[in-house]
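Dropping the structures in below, format is structure tokens.
Here chain A shows up in two complexes: once beside chain B, once beside chain C.
So, the complex of A and B:
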């Protein structure tokens, strides 16, 4: 009983971490699924989203004169909610711009796309460094979700629960969008058979543009939610892109619930190993991947390849 | 004239013999007596082996700025020994293997006279192994594992930062007496973290405390929630953290969110300025060691800060910290040693550095500093600091620290280091003059 009581908070913590990992992987999964492109700029877009949100929340009042002063005087909650909407929208446009540049690589060796997004990642990171500097930044959150609360003698962060709940909500909203709307059906069809989608008269170019924009907006949203936990620095995206890639492979490329389940499994693995064999905590996610891929090369929910017997 | 025929086999033999001969000629005399022609006309090249990316990218940038300021001061007054000083910088990426490659390249291809820079002890050790092989003087400006001036010391290497033991000595006894005996160690999983925790463990035990748990934290950890939950289940009196770079930034943010900054008591062995600059005051908690603070009320400090701001307007870190200071001091003292030696001969410069004594006023610290000739570590004032009062911080957001106390170098000296450090004899160190 004592062991269960000791373990319970860690399981809960692992679950919340898992939702955050799944959130990071969500946009990455959509882009891989529809465009068969590994977007190595996902992490940098994650970081850029958080930086843009930081500006929306607390712009330099002097920039905008009296209007700026009036804006900064508004409640933090209002500015935070605005940032949650505005920053992903701005990033969606950045993503669309990136996709337009990326078009020249379609139909060529996949390495071109990979190199392009790798280059884009470096450019975005340097731009962040130039604009905001390399020092640590701080993304303010409203007082209502800041601080801590006590349950069973243990202190929990309010923000962490807010972040995990937001991640869960976003996962459900994206799922509803994909499952219950005609646009979602187009995206899924595009992921399944893009040539057939084109044959049916759907503008594949526009579909890809929208998916890239949507995936980038999700990356930005993940960045805004996670930045108050991880901190904000130009290279924070590197910390996001590696687990995102790992989760997609673990869950099965193109599988929505595969990515969510893989995120949760990675969260639990990292959280529990941190408690019992702390030095293995980061390694545990890679071991999990090796264990799954050894027995199921296509990941947990990946589609069976025609090459498989 | 008869045409001479050369078979493929004989051609290869000749080329092989020629190459071997050239190799003997190159490696033989060069290794021990590397003297450049027309050296007086040649600018003196210093290789800056500082990180520009990875865990310590920010700190690397800061220490490089400090070095460049010292070099600019010398160049302004005509250089050293009448020669201008030039620098070359290659990013060591906070990776030991890159450190090795960079050092090798700077010495053999760029013919750097001296090397300086490192925040990660793993990188510093890797660079110093290469530097010792060539006899090139290397200044470890900011990495502070006790091993750097202990078992991994070298004749060519000089360590400018305080190490884990120095800071531990300044903090452990005070914390045991003031807070309690049950300690938890947070150890970053690389050489500095392990060696610092080892040193703190020994001190805690020596002073009658007890280590109830050690949590090893992989480099690159961003989520500390599991560690913090476990910490609450253990309920220690004190947590000693040997965690650096981006990891400590994330840890501080998360401890701040939980409001756990006051209980348990936190001791951060050493707090580098670039790792804390920009955090809200809630993220600065516990007590921690440092070698310098920009608001020390000592002669020269204000001028030093003004000089930094003049040289680097518009940089995101608006005031210099300990990392910048160490970089500056290391470069300045090296160039002064060259001037005193009247030569760039490495053995002469090494002897000058080994006998280095710097008055407190010149160091902008409270006590005179000196180089320990047996370990090649600069012995200096160790400061204990904590978060500033909120009112003072609100007036000036850069003013994050409140300095609580300072220890004499002798009181914080790492007495185990001379036993562990075995410096190579002078005659086993290749000599050179640039």
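So, the complex of A and C:
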């Protein structure tokens, strides 16, 4: 019993970390499902979303004159909420631009899409470095979700709770969207059999454009939520994209709850190993993946997909 | 899309002569064109690395995205031999190759039954493990800083020995090893083994039905490719006089993929060589004008993936082919791909 009590905070920590990992993987999963494309730029879009949000929250006031001064004087909460809406929308357009370029690779080896997004990741990272510099930046958060509170003699960060709760909320919203709306049905059908979807008269071109935009917006959202915890460096994209693909492979391509479960498993693995060997905690997720995939070739709940051909 | 077997499969071909004429004379003129001796070493090392990598990407169609790991393992093994054991060139190189091959064999054993994107993802995950260990295992690898003050042992054949402390001397060693690699790989890809690899690239299942042990071929070629990366890594450790985890990162592994592809690794043996030269010239020439050269290089890469995945050599082949069809209209039907 004492052992369990001792581990309880770490389990909680792992669970919240797991929701965050699942949140990172969400947009990646949508794109891999419908487009059959590994979007290696996912992490860079995640980072770019957070940087854009940082500008929306605290723009250089000198640029815009009196209007800028008036804007910066507005309450932080308002600007934060605005950033949560505006940055993902901007990123959705960036994603759509990428998708339009990617059209040339459809029907070819999926490797080309992967290589293209790898190049895109590099370009976005360099752009971030040029615009914002290499130094670490911070994303401001409203006072209400900042700071810490005490439970049973242990200090918890309020923001981590806020982040985990919003991750959970977003996961549920995306699930409802996929399961309960006609658009979700189209996306799922597109992932299942794109030829048939086209035959039924659905504009596949537009569907792909929208899914890529939506997936990118989710990446940006994840970036904004996670940036205050991880900090903001141009390089942060790599830290995000690797867990994302790892979780998808672990959960199995094409399985929504597989990915969420994999996210939670990875979070728990990282948090629990951190208790005993904190230096090596991040290694546990790679080992978990290698162990699972060695025995279950398609991950936990994976279905057969184009990615194996 | 597989590299076409050429008619001229001699031991030494014309492009080899041209390449080595350029490389051997390089120290004489490189400073005159505003570059520096050390660049030559880097180019030769990365050419070895990219040529070995293209065995996977170009010849077998295996997307390995974590090849930096084996390059790094080679560098660390070389460094550890010099620092902990004995200052010896041959022992260091052998350790670099063998350690990388062992690491490669371990990974290949786990992933050789996979294909396509899953293969790529598994190579990334395994490479991250190596990178992570390199960063965290301070007592052996020196952590983030890596191994410092790695010696450049003398090149010795019994009683004859030559110092490699100067960059020019080390450059000639790197070029000599590159020469052996080029000739060896050229023979290798035109051997029965190489043909089997190309059959696997075209259709893995069919290659299996014909009777090839696909798993074994994939395992062996990955191990060999990792060994070549380890050889390049050993030379790199000597060039840098250190070994550090940066070269094992996903970023660095991506660079070798980009070089191979931009040059035209999908269609030609020489793709990786051309791509490496393009990369380093872009770095030093664009880098002289702008700090943001990586941005332009990345954009160029994106353009090549979309519009000309056959790369520089592919564009050259198109040009030659077009001139030939325009010139000799008589000989229709003899449009052999010019390679070699």
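As a convention for this text, the second predicted complex is superposed on the first by the 301 of 309 C-alpha atoms of A that agree within 3 Å, B and C clash if a C-alpha of one lies under 4 Å from a C-alpha of the other, contacts with A are read in each partner's own complex, and residues count from 1 in each chain.
One rule holds in what follows: contacts are C-beta pairs under 8 Å (C-beta built on N, C-alpha and C of every residue); 3 or more make two chains touch, one makes a residue touch a chain.
Computed from a predicted structure; not experimentally measured.
A.B. asks: Overlaying the two complexes on chain A, which is it for chain B and chain C: clash or fit?
C.D. replies: Chain B and chain C clash in the superposed model.
A.B. asks: Classify the contacts of A:160 with the two partner chains as first (chain B alone), second (chain C alone), both, or neither.
C.D. replies: In the superposition, A:160 contacts chain B only.
A.B. asks: Quick one: classify A:283 as touching chain B (first), chain C (second), both or neither.
C.D. replies: After superposing on A, A:283 lies in contact with both chain B and chain C.
A.B. asks: Once the structures are superposed on A, label A:245 by its partner contacts, choosing first (chain B), second (chain C), both or neither.
C.D. replies: second
A.B. asks: Is A:221 touching the first partner chain B, the second partner chain C, both, or neither of them?
C.D. replies: Touch status of A:221: no partner.
A.B. asks: Looking at the overlay, what does A:275 touch: chain B (first), chain C (second), both, or neither?
C.D. replies: In the superposition, A:275 touches chain B alone.
A.B. asks: Return first, second, both or neither, reflecting whether A:123 touches chain B, chain C, both chains, or no partner chain.
C.D. replies: second
A.B. asks: Which partner chains sit in contact with A:171 here, chain B, chain C, both or neither? Use first/second/both/neither.
C.D. replies: Neither chain B nor chain C is touched by A:171.
A.B. asks: Could you tell me which of 135-143, 279-287 or 297-305 in chain C overlaps chain B after superposing the two complexes on chain A?
C.D. replies: Stretch 135-143 of chain C has C-alpha atoms clashing with chain B.
A.B. asks: Can you list the residues of chain A that touch chain B in one structure and chain C in the other?
C.D. replies: The answer is residues 279-280, 282-283 of chain A.
A.B. asks: Which residues of chain B touch chain A in the complex?
C.D. replies: Going by the criterion above, the answer is residues 53, 57-58, 61, 189, 215-218, 220-223, 225-227, 229-230, 232-233, 246, 249-250, 253-254, 257-260, 274-280, 283, 315-317.
A.B. asks: Spell out the residues on chain A that touch chain B in their complex, using ranges where they run on.
C.D. replies: Answer in residue numbers: 6, 9-10, 13-14, 16-17, 20, 132-138, 146-148, 153-160, 228-231, 233, 235, 239, 270-272, 274-275, 278-283.
A.B. asks: Which positions of chain A touch chain C when the two form their complex?
C.D. replies: 38, 101, 104-105, 110-112, 114-116, 118-120, 122-123, 126-127, 130, 238, 242, 245-246, 249, 279-280, 282-283, 286-287, 289-290, 293-294, 297, 307-309
A.B. asks: Quick check: in the complex, which residue numbers of chain C touch chain A?
C.D. replies: Of all residues in chain C, those touching chain A are 63, 110, 113-118, 120-122, 124-126, 128-129, 132-133, 136, 249-251, 254, 257-258, 261, 292, 294-295, 298-299, 301-302, 305-307, 309.
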